[in-house]
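Note that the chains are named A, B and C in the order they appear, and that numbering of residues resets to 1 at the start of each chain.
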Amino acid sequence: MALVEVKGVSKRFGGLTAVSGVDLTVNAGEVHCLIGPNGAGKSTLFKLIVGLYPPTEGSILFDSVDITKERPYARVQRGMSIKMQAPSVFKELPVRQNIQTALQERLSGAERIAEENRLLTLLNLAPDSDKLAGALSHGQQQWLEIGMALALKPHLLLLDEPTAGMSPEETYKTGELIKSFNAEGMTVLVVEHDMAFVRQVAQRVTVLHLGKIFARGDLESILQDEKVAEIYLGKTHAH
Amino acid sequence: MSAEVFSVFYQFADVFAFLILSAAGLAIVFGMMGVINMAHGEFIMCGAYVTVGLVNLGVPLAIAQILAAVTAGLIGVLVEFLVVRRFYKRPLDSLLATWGLSLIVTQSMLLIVGSAVRGIGTPEGSFAIGGYTFSTYRLVLFGCAVAVLAGLYIIFMKTRFGVIARATMQNAAMAKALGARTGRIYAISFGIGTGLAGLCGALYAPTMTLIPTMGATFVVESFVTVVIGGANVLLGTAPAAVFLAMIRMALNASYGQIIGQIGMLVAVILIIRVLPEGLSSVLVRRGR
Amino acid sequence: MFKLLEGPQTLGRGRMFWSCFLVGLGAALTYPLFADSYDVGNFAYFLIWIFMALGLCLMWGYGGMLSFGQTLFFGIAGYGYGVLAINMGGGSATIAALVLSVVLAMIAAGILGYFMIWGGINGIFFGIVTLSATLVLAFFLGQTAGPEWHIGPARLNGFNGMKGMDPLTVGDFYIEGSALYYVMVALIVIVYLALRMLVNSGIGNVIVATRENPQRAEMLGYDVRKYQLLTFVIGSGLAGLSGALYTSWGQFITPSSIGLPAAAMPIVWVAFSGRSDLTATLVGSFLLLFGFQTITVYSQQAALVLMGALLLATVMLAPQGFVLGIGKLVADWSRGRRRGDGDVIAEAGRLQSEES
């Protein structure tokens, strides 16, 4: 069952074509990794899916409904949530209030507070819950944003480079966290450069190159594809 | 040319000149630094008072007007150095700081000079075409507005300062890294902006009553022109002025000044709904 | 519901704060017993403006929308009250005139706000578009001196202002002097507490989240434009309440309470006080109004020069506001004595990060 269908989507900024004729299907229940070198159009594709950019052409379906013309908040209400590439939190608000703002539409009263505490503990933010979000380290802000995305209990979780700025242990822990949410039925689409992380979580992989789909398939076949290695994995294979 | 056609052109030119002259200085400061100078009207007032003062001392009008513009420009450089410079990273605070200045200046002027200053009267001279009489000075104002646009085109497109200024506008940090003295560029740009405000006041001084609060007469026109025109003086402010002048002219002719002003405001509010990035976004298809 | 009176969005909390609040309220309620009626009337006059300041505090400090249009809505409701009270014939109908004129201001705010917010206007342009609208209304009303400008029997009267409306009346009883003072105190307490509850509620969370990062707020599923419009309508409606009360208080309103320099006054009060806190705005605005009125008796221009200087000094020296800064120092000092210096340092860091 396809949860997200991107059909022939292109995005041009003036003379620059960032995404060109992309078809992408994300099936319900999978962890799908989007990889590709810098400038391949991955973040642009994410922003097209959540509606921060209108596509120049093509359409996007979520749960079989055409959402191409919907504003971002309406798409979020349909059940998607995103962690952006650069940490995007409410910097002048306390950590707990960040989570609370994400949770309050879904839960209230004691239930909400319990869920806040659960998420804060899960993300190792409990000791800092009264701090302003802007005072957290870069890695902690990433955690917080992931927490806000999770608080919405989305069907589809979009993570744009979730482990940037994290140590190998933290990265591994993030991977395990994603797998545990996936096990509960959440569909996850991840942009990631860290191949160890991709190996840890990915069930299917799509390679984007120069704004176009370059290859797709299961993890093993992509890793063994020599053309993919040429454009992208060539450098990272060694380490 | 038939008299009716010329009459329409004359009315258009009158409003267009008012919009360009009152907005050009504000637009330059906004375009370069992203700052709206709330004391813009006070620089206009300064230009008007200096002009009238000098004329009353016996200085010929044209020279008095140039000196008034230069005075306003120099005061602007000083204000940039003392106040505005601190707020380039906080544009809203620069708005408040310059508004504070504006209050201090107008009210001090009321205290010191009082409200009544003897005007100098519009320079005589009129001409008639087919039964209509037109004031020559109004056409001079239109000529000045066109000259201001041409002058800005030359300064920003043809001079070394202009190249560096445009580079600074695009990317201040990069321009600085390449050796541009951005602090000085900002000071000069602010000076040009306030100098143009002074010129506006100097040019309109003979046509209106001088009161310390006269700046308020100009600010609505300058604000809405900049809101519609955006950050680019040549590609934004000028077309915005053409557009607003046409609306204003049509309404003025049929319903009078105040309805003209209300209509212009309504047009602006409708336009920001349709074209959130201003008129210049349509004219300059920026690749972003 | 009452626990919303305290929360992360408002600074004053705890038994100490509420004791001070009750002492202040008690003093305000007993004041007319000791003062002569002229002073009470003057006091009521200061209180009129508080609503406008609180409204701006909500929009600017909490919502991040710097509106320069408080006097626009003040004027709409002020003139609205006059027109309605004259046309509906005074008496108890003045209460309806008050309510309707505030509703009128809110509708106007809804229309202007819709075009600006849906048009994506924010930051500097939000200020100058609202100010342009304000000045145009002031110019327009200034042009209405002729007898042809009337709504029913209500003459607009240009710069000389509109007059002849009844003050607020219940039955045969004019609400004036001490009675008006008590009405004002009651309204301020209601508005202040209601705003505290609003900003500490879920809606308040979204309002401040939108100020911080509108894109992230939208990515949590909130249509931020609706929250911004709500904030703008409430904040402007409070300016309208000030306007209607003002006309009722003096039975008189002129365009000069709309245009420059009147439009700058709410900005000065709120900037000086500290826009990010309702209590600071309440206290600071009252102090400034009191000071302003004292100087105005000698020279209005001098008082306005001082206001301009205060605005300039605030942005240069204490961008977060003077009253708020002092309030935080007091809070730190009393907390520091109990909990050690660590909190003070944390709080200082917080102040610093808020300034950037």
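We take it that contacts are C-beta pairs under 8 Å (C-beta built on N, C-alpha and C of every residue); 3 or more make two chains touch, one makes a residue touch a chain.
Here the structure is a predicted model, which is why all the values come from computation and not from measurement.
Overall, the chain located most centrally, as judged by its C-alpha mean against the mean of all protein C-alpha atoms, is C.
Inter-chain contacts peak for the pair B-C, counting C-beta pairs in contact.
Distance between subunit A and subunit B, defined via averaged C-alpha coordinates, is recorded as 48 Å. A straight line joining the Cα centres of subunit A and subunit C is 43 Å long.
Distance between subunit B and subunit C, defined via averaged C-alpha coordinates, is recorded as 32 Å. Partner subunit C is touched in their complex by these residues of subunit B: 34, 36, 83, 86-87, 90-93, 95-97, 99-108, 110-111, 213, 216, 219-220, 223-224, 226-227, 258, 261-262, 265, 268-270, 272-274, 276. Contact residues on subunit A toward subunit C in their complex (touch as defined above): 50, 52, 71-74, 76-77, 81-82, 84, 88-94, 97, 100-102, 104-105, 132, 134-135, 148, 152. Chain contact summary for the complex, subunit C toward subunit B: residues 66, 112, 115-116, 118-121, 123-125, 127-129, 131-133, 135-136, 139-140, 143, 259-261, 264, 267-268, 271, 299, 301-302, 304-305, 307-316, 319. Residues 8, 202, 205-206, 208-209, 212-213, 215-224, 349-350, 353-354 of subunit C are the ones that touch subunit A when the two sit in their complex.
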